[in-house]
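Chain lettering (A, B, C, D and E) follows the sequence in which the chains are written, and residue indices restart at 1 in each chain.
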Amino acid sequence: MPRPVDANDVASDVVIELREVVATLGQFPALSGATMQVDRGDIVLLRGSNGAGKTTLLRLCAGLLPVARGTASVLGHDLVTERDLVRPHVGLLGHQNGLYSDLTVAENVRFWAATVGASSDEVDAAMERMGVAGRLAGVAVAKLSAGQKRRTALAALVARRAQLWLLDEPHAGLDQLGREELDSTLRQAAASGATILVASHELDRAESLATRTIDVIAGQTHDAGESK
Amino acid sequence: MPRPVDANDVASDVVIELREVVATLGQFPALSGATMQVDRGDIVLLRGSNGAGKTTLLRLCAGLLPVARGTASVLGHDLVTERDLVRPHVGLLGHQNGLYSDLTVAENVRFWAATVGASSDEVDAAMERMGVAGRLAGVAVAKLSAGQKRRTALAALVARRAQLWLLDEPHAGLDQLGREELDSTLRQAAASGATILVASHELDRAESLATRTIDVIAGQTHDAGESK
Amino acid sequence: MTTTDPDNTSTTSVVGGSRSTGTKATRVIGVAMVVAMGWLVLFGLVLSPADVNQGESVRLLYIHVPTIWIAYLSFVVTAVSSGIYLFTKKHSLGWDRLAGASGEFGVAFVALTLLVGSMWGRLTWGVFWQWDARLTTTALLFVTYIGYLAVRRLGGSHHQRAKRSAVVGLLAVLLIPLVHWSVVIWRSLHQTASVLDTDGDIDMDGTMLFTLFVGVVAFTLLYIWLVLHRTRAMAMEDMLEDRGLDIALAERRAEGVAR
Amino acid sequence: MSALKVAWLIAKKDLQVERRSRIITNQVVPFAGVTMVIFGFALDANTDVLALVAPGLVWLATMFSLLLLVQRTFSVEADDGALDAMRVAGVDARAIFLGKAFGLVIQLLALEVLLLFAAVVLYGETIRLSGAVLLVTTMISATCGLAAVGTLYGGLAAGSKGRETLLPLLTLPAVAPVLIGATRAVESALGTGAAELSDGWQWVSLLTVFAVAFGVGGALAFGPLIDE
Amino acid sequence: MSALKVAWLIAKKDLQVERRSRIITNQVVPFAGVTMVIFGFALDANTDVLALVAPGLVWLATMFSLLLLVQRTFSVEADDGALDAMRVAGVDARAIFLGKAFGLVIQLLALEVLLLFAAVVLYGETIRLSGAVLLVTTMISATCGLAAVGTLYGGLAAGSKGRETLLPLLTLPAVAPVLIGATRAVESALGTGAAELSDGWQWVSLLTVFAVAFGVGGALAFGPLIDE
């Protein structure tokens, strides 16, 4: 599912490499020394209590936060100096959905897909997949329920075919069907070479999905091993 | 835990009674004929797919939406004409938290408790319970993680000691400890006479918590029977 | 589509089962209005004399003054029916529709006043607009009721629309005294009250006064005729929305069965 | 709890939010200052004209600042659904109105003093002792009127989308009489363009009537306005 | 995809949002109208002065409307984290800048035409044919300058809290040169106060330099500004 990768990206199979990374929010060191390595095709569960730093870690990998100390590289590029090379291949679903509430579902998904040059077939497929095709496609996002919004955001993400998916509590708000669909989409993406990080509190579901688990404790990462 | 009830409130044990209630959002009949009855002390799980109308049902019971057709009464009062009598006894946790991001956790909880005249002991107990006492109490809400915000909103709700609790996906965003704590708080409240409605997609957890389940399907309610 | 449905209690009574917004009464008023308008044209353009100072342009008076008075009337009707909606137990939407219809035509009439007034100003003062207190307050009145109409279009349920706009309608009417007495308060260069003067003696040519009277009658009839039709049309719109709700309800329920 | 006590709670909360965020001190005051300087420019820096129209400009700048303040005070409520939460909590709508209006009055008064001072410095306006009582009375009654209108329409616009721009449309024409009255009264107080001191008081009575009408009307109407 | 193509996508999206929400048509235009009426008041209804300063007032009203428009266009981006999403998606910052600025230019031009028309009616301004070219050139170059400044600072303020009030503080002083230049140029175009037609062109060159400086500077600076 992810787009064909150019030569320097496949140089190594290490997709994320953090070494003693410190990142601050305001004065607060939300990441206080994260060291981790994620390989291509991994589905990694980030586990940790509220305020542990999962969201911060994901945003850092997406290049939204500065690295205060340590070194970080994503997809073989340095996260600080080569940010522009990293971003086109990364997709993030944060706590917010990033949708324009005045536009319809289809317009939103199409807009996001267009910014990365995805084809309209992919857009339709993604919307179908996340269950927002049909009647909902023409409804303004402002008029959706919480779960329907989340599905739309996921559809926009799926249409992007990123190489690295960063998902912050993707299951929250989805109904049973949506969860199944999402999990199978993620498994499929991973199988075709994407790398996926999922922060989640729904351990039962997430643990069965993930191939590895990393515990985030007070801003530090601890490898909890393979889960499958 | 709920506050002492005055005479007309205990007249009957039926806390919520809806008959063929229709409620619209814009032109859309989000509730298309909800009929249900909830008794004092019940913990009711509202189950349903995305867009089924769970949030709408909860907001209607909180008196935030007009009743387009049908009749609705809450705590023995008509939901349309006697709204002012109903509200002081109802607590709602919606998809949004209702917090002031510039104020600290403690200031927020105190403000909401003060508007309903809760004592400062209750405030402290509620914050302790939801794990936002201590260091977090003095932190501005803007600087909290998603789960910490949710905990703060729950603390403000717990401090209110409402008779009817309406919770829209209360588990979303909470970590394992927070979930346990929340469930035990809810059980305790129900045991001391509060009535609780929970909309949730985390069926495993919610089904073990609830005493009854109601399915919401396309804006209509279907009783799915006692669960315990 | 416009046939009535016994289920729609709130609107059927107003529409009364007819297919158009007209009734016998409105047709009578319509005919009277047309006659009065003809009369006004006759008196205004032919029979009344030109003014000593203003010449032929004085004939604009017969539109200018009646339109603003009818606008006042519309806004007062809006306020009164808003008040009735808000303060009676029944909260009948009929009053809200009357308020809305009246507000709409009030805005239209003020727009006419502004238009005719500024044309008149061009003829007599040489400019379209003066920063005169009355002109400015009239402009404010206009904008205020545009705001009122905007509030009506905010969306939400009919009662929500009614409540919100009733509040605005009640407060906005306070501007009318300000417009009326603006000439006194600010020593304006606009014509001070000469017809509705406080001392009671009317200093105006008899024919002119009579023509003005005809104008007021004609525009009042026009106003009544328009408002009657518009309230009926609004009732139908509301009813169509209710009908739309029935259809939407059926669809939504079917969606549940389909699963 | 009595409505007045709740109103005081709300006003205190608003002032606290302001103290934390320092929006007025850091941003609205400079904005108003810049507005006054720019007026000077637009009027060709003709000092004679400027001194004549200074009272008008002070009130004009106040009015534009009012819009900012109202917008801010209601976005604080609407951002995270706090206004809904207040409604569910059964907080008396009159208390909300009075509380928020009182918070605004305090903030506006502080601003006006500064603007008046700016007028003295920038436009060479002079303040005479004999007019001090009139000046203070005018400022207080005009400010109450402005705050009442601002709160009323701010609340009306708060729930609806596009509120940022509905607010000025409703507020500006409504406060125009205040602008006119207060300008004339301040002219009398300062003796601008040989205005008589005695003339000022009749304007003050107009302002007071306005403030009372909108204050009482607003308090009564606020419930229906924000409800549903 | 080329930056220009993405910029066009973004501008199209912005205009679509506007078409859906009709904020400008229904609310900004009346707001600007009221502003002009109120200026008339504040200036004491002195028609001679008014006709003289009318060009200045048109631009002043445009500037205030600019603030509303910029605020709106960036709150659309920031409300649900869409700006973050764009950054993660690796959308070229220059494209974002150009796209949003272009959307603003279109909206502002439409507004200015209306305001000019209002000035003709309200302030008794007259337009002469010989000045038409100058008038149009002035409007276009001034508008480009305004849009560039607005977009630049709108983006800067978008992420930070209290953005509503940071924006005017930054924007107003920055556009003051435009205000002055455009006013003089329009005076020349209309022949207000016996201004020479030829004088106008030197102002236009000033405006153009300003627009180019802020346009190019903004496009280059926008990335660093919204990043991190």
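One rule holds in what follows: a contact is a pair of C-beta atoms (placed from the backbone, for glycine too) under 8 Å apart; a residue touches a chain by one contact, two chains touch by 3 or more.
Small disclaimer: the values here were computed from a predicted structure and weren't measured.
Chain centres here are means of the Cα atoms, and by that rule the chain farthest away from chain A is C. By number of C-beta pairs in contact, chains D-E lead all other pairings.
Once the centre of each chain is set as its mean CA position, chain A and chain E turn out to be 38 Å apart. The mean-CA centres of chain A and chain D are about 46 angstrom from one another, to the nearest whole unit. Work out the mean CA point of chain C and of chain D, and you get 32 Å between them.
Taken residue by residue, chain E touches two or more other chains at 21, 26-27, 30, 34, 37, 41, 43-44, 161, whereas all remaining positions touch fewer.
Multi-chain contact residues, meaning those touching two or more other chains, occur in chain C at positions 140, 143, 146-147, 150, 155-157, 159-160. Contacts with at least two other chains are made by residues 26, 28, 66, 101-102 of chain B.
Residue ranges on chain B touching chain C, taken from their complex, read 22, 24, 26-29, 32-33, 66, 68, 217-220. Those residues of chain A whose C-beta lies close enough to touch chain B in the complex are 25-26, 28, 48-52, 55, 95, 131, 136, 143-148, 150-151, 169, 171-179, 201-204.
Across the interface of their complex, chain B is touched by residues 1, 6, 9, 13, 16-17, 20-21, 76, 79-82, 84-91, 227-228 of chain D. Listed in rising order, the residues of chain C touching chain D in the complex are 86, 140, 143-144, 146-147, 150-151, 154-157, 159-160, 163-164, 166-168, 170-172, 174-175, 178.
Listing the residues of chain D that touch chain C in their complex gives 152, 156, 160, 166, 169-170, 172-174, 176-177, 213-214, 217, 221, 224-225, 227-228.
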